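As written, the chain order gives the labels A, B, C, D and E, with residue 1 at the start of each chain.
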């Protein structure tokens, strides 16, 4: 078989197996699969295999990308129209968008942000408020992105002087303050009760609450958001990749390693940092808007420190700096808790254990960015 | 040197770190196209002088006039915009990046575009990027021909001498008016030292003015017709190599008893 | 006036509780360069170990110790010692299992790993300690009587925690700044390879550090338990957040700074909660607001280290 | 071939409030098991449970999962009000009954959603009763409120203040705190100065225990009152001697005041559940009983069951004979006052 | 004293050292020459235990070095001055020196401190400055001084004259010679060949990972192992390989 064809087929098969795993794996099968993955991670040979597999994919980037897109589009069908898993995967993609944004902070310029959920909240509320005032979804989303861009800029101002763990604490505080404000500014946010009845998204007379009728198959209503998130995620990936590839990406790397050095070559470091943090925060606006409209309800509980940590963990476990890696990391980390439900009370325990084990055996993430071998930030 | 061609005029540059008076009122001038050597004992303030001139460290006094502006009041990127570039005594490169990527950092100033352009005018951006790469490759060919053949090598895997050359390439790629070079020959063997000296002369021939710090006397004698000697943050002598090598202050504080360092086949 | 003084006394005691955690976090940061977000949870381990001993020795009896007897004193000492020892051991274990394999990785990885360890500790107590889901009373061994000085109520436990915090701070600062052991610890952070090549056994020194720092966490947890007489599996989270905040305000790595930071956090909380109507809910906002202001003015905290970086 | 019919409980089976969730779940399970054992229905019932982790987003995911399982016919979901509010649209979307057995915010049944009904007692019924007892019976004319900054605290305050003031009581202070706080000395010191007759805590167990301990340590001897949110066995333990004399208004039934309370307790114990049934257990049990009754009358059909709730005018539950009103609330509602005495919650002497 | 046999090392696919045989006898001063990237630093780091090694043996005073952890090699009497100085930047000058005597007893430290400070008086006046803020040359002095603090039986120095003023270079070489006269073996990596050969007894030349020349020095006369008398520029061209 020609190799591109092989690549396409194996990726599509991968998606199908994923769907099967999500829907069907339970009890012992699930435990076995999870155990196998854990063992696989711990065995050095698997690292080699991952690298080879990726190298093969990279050999045919177009075929691989096309296959991924097709696979993702077909996923609802692979999932046999199961609304629950389609919903879970939509949320996972929203997390992936956040991970891409946070990666700009953490991966590109080395800023540890422990308050990304705060930005997410800003985006979600901004979008919701506008949308409830009657604005269409796309406008609300753009507005949310703009608001997050501005808020991120303010965080960027803090990052000019503080760095490292100090910035981490500033952002931790930021996340906390946002949450407190949401709780207390009840006239705007309805406080702890949260905002219910966020309108559905409509386009061309089609509402996201309606099933997609393709004639031969009726896709459940959750599919609407699945595709919306898929488009948003692809757009985010393209955008981040685009900026990474031009001078901006180069200066990110240089700045991360040596701010004084780059300033001597003409980079206005404060301005650049502000713009970068703002840029990375913008993704939170997109994610927030999608999240609010997808769930239809938002409350302060959805934007806690734990959520920030989750996004951070996605980026680190996926592989700091590697866009593909952080996307995969985010999806794994948001699907895993759903699959771990059978553990009941031990779910969070296993979650913590999984985090530690993965870090120990894959400190640079599942798909590490090779450029970072000489770095420690 | 004729005063008429003076490009950079430093007066009373001073800097103290807590109790340490690193620079204590230094006057220097640099003519267009000139190479000025700066020498002096360890800790005499040479690197600090460079740091003041590039805005990395705030001066506690003095002025440095270049094209009507006082460099000592400006931020590093503003100074860079005036056409000042430098290398660092402790090499500062992105070790995980390729040679080309590192050199491209130096080309940032001429080839940047706005964030909006990146989004909305990808074509313009692509053209600029290609230009930048061309410039960087040219600079590499100029100062490090061997590396120009392998621009994708990762800097962290290269030996010390090559890293120094990359720093030099990064500094010249932006075509600065003034180049500040800090100990380019440290850790190099005599042969490589001679090569670097040659590079510097060729750079100067392109019309860039150069301030160079070095402890290797043979090197400094080759590249710098005029040399300033610092000690305890003050200038204690200035002149040609022949003039300063007999200066008793310089001998006592810097060169040492043996004095003539060119005679030996070593590199001092 | 009384009211102000009373708030001050309360705030100082609260500060002392925070300070013990902050000092530990600062110590870890200053020595291994990692913000250990599991610090508060290690404290919880110590507390529950101590509680287990108490529950065993006092089995069935009242948990509030009011009468002083030789048996009681022994029980108390045994319980406290057990708390410190178990905290120290779990800290070492935690180092060997989680941090040691990551010793060469960037600090952010260590930070995330400590988050994972925190999960494991909290959830283990929740699931495996008898009745671990619910808050449990911790014996009060400090006499509950109040001393009233001109309308201001001072409790013995106020004096107790403040005293402990101050003593611990000086002892630790001496150890880190002045002793051979302290220098060895700091040299590892400065440059691991160089430290080794000077003869520092990085493994042994770091293990010793984890034992010491975790015992300190245990002490902080016990102080907290003795102060509030109520413990629960997730009490460590609050301790970590407050301790981290205080340590950063004071300047990470500086042990005196940690105390100063803790006093500031305690005071800000007392002022917002005590003097602003319904201010209690906003005390975290106030603390972080002040924190951001301080960091913008002094990026390395109030008593942060001078930067050793130069060009 | 027998059709599988599933009913589900969704609540805090993990995370905070786990004890409550598990007690309720077990009790509902007990009712289902009894129905199965008695062959009350022409089919066997299977009991499912999902955790909402006390989080709206987790709750939504859990409900969606149930919605997509066509065998699930009826549910009793959520102990936390915010979670219950969040999932309303999803129940509506898939015509699944949510017979609430815990969440107490009044709004749940006020949105005209036919899928929502409730067996437990909402705040709306509790707080007037509390206000009335405090002013008229206990003669507490001034009161300071300490409330958690969450939906629970808000509801506890908003429903109480007007009733209390209407009866001539005076609120001297309202102080909020964040869930998880451990130190209340600052606000208590402030309140001490105001010398109210009582401190009213609108919050949950851990904080209540900490507050009452710290009150006593500061030498504050006034009464400590509240609502069922912290009327738990854990409070008794956690507060220790300091908790003695605390007074709460309760919707949590004293089993010996219920027609079938004693029997329920006995059967629960016999069923071999590891965990205690906790205060909300009877509601979980009642929810199970009502669902069985609905299934008996209307068969395993989501729509029919939803339509049937409000028509149910004669149902026997652990609370005795009851009926559903047009908002979907099981009537009559249980309300009582309790006091902590001798290490146990006992009815406040009339 | 130190003997290395068939020693090879590589960084991933890059082979940095290939079958090196090298020995330093008691009280000897041996100089290791070679152009950039020849593998000199790698050799020193690997002997110390913090560089790569894939094959070969290394013995110090008859003991198998490779069986010892890095920190224990110090206790055997080995000290090192790294290329790029390896000071502890956030610790003061004084603390850096004390760390140098980490394996020594207190009394010895005090004595060694006195000696070192007489050698580098500048350090005495900067005792409390953070080492990271010293100038490049000052840091180099500190690194050498620190290595002397441990009273080693053998010191390995990687380009100690780098970045030093000529007058200090002289002092440093005098100091090294003096230390050597007291019986401490020296393994010196230097670019400044002329200076290095004034204090060395023997020399090795390394080119791209292999030893290409080895010989002895006495009274300024260089003889190869085979007995030929060599000029300095002949050595130079040996290690310049095909480069020039």
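One rule holds for everything that comes next: a residue touches a chain if its C-beta (ideal position, glycine included) is under 8 Å from a C-beta of that chain, and two chains touch if they have at least 3 such contacts.
Everything quoted here is computed from the prediction, not taken from an experiment.
Counting hops only between chains that touch, chain D reaches chain E in a minimum of 2. The fewest steps needed to get from chain A to chain D, moving only between touching chains, is 1. Using the average of C-alpha coordinates as each chain's centre, B ends up farthest from chain C. Comparing the chain pairs B-C and B-E, the larger number of C-beta pairs in contact belongs to B-E. Inter-chain centre distance (chain B to chain E, centres taken as mean C-alpha positions): 29 Å. Averaged C-alpha coordinates put the centre of chain A at 44 Å from the centre of chain B. Rounded to a whole number, the gap between the C-alpha centres of chain C and chain D is 37 angstrom. The set of chain E residues touching two or more other chains comprises 133. Multi-chain contact residues, meaning those touching two or more other chains, occur in chain A at positions 180, 183-184, 260, 345, 348, 375. In chain B, the residues that touch at least two other chains are 47, 56, 88, 90, 92.
Pairwise, the chains that make contact are A-B, A-C, A-D, B-C, B-E, C-D, C-E. Chain C contributes residues 311 to its touches with chain B in the complex. Looking at the complex, you find that chain B touches chain C at residues 47, 51, 56-57, 88, 90, 92. Put simply, chain A touches chain B in their complex at residues 239, 242-243, 246-248, 250-251, 253-254, 257-258, 260-269, 275, 279, 371-375.
Those residues of chain D whose C-beta lies close enough to touch chain A in the complex are 13-15, 18, 50-51, 54-57, 60-61, 64-65, 67-68, 82, 85-86, 88-89, 93, 105, 107, 149-151, 154, 178.
Within the complex, the chain C residues that touch chain A are 29, 35, 97-98, 101-102, 105-109, 111-113, 115-120, 122-124, 126-127, 241, 244-245, 248, 252, 281-282, 284-285, 287-289, 291-292, 295-296, 299-301, 311.
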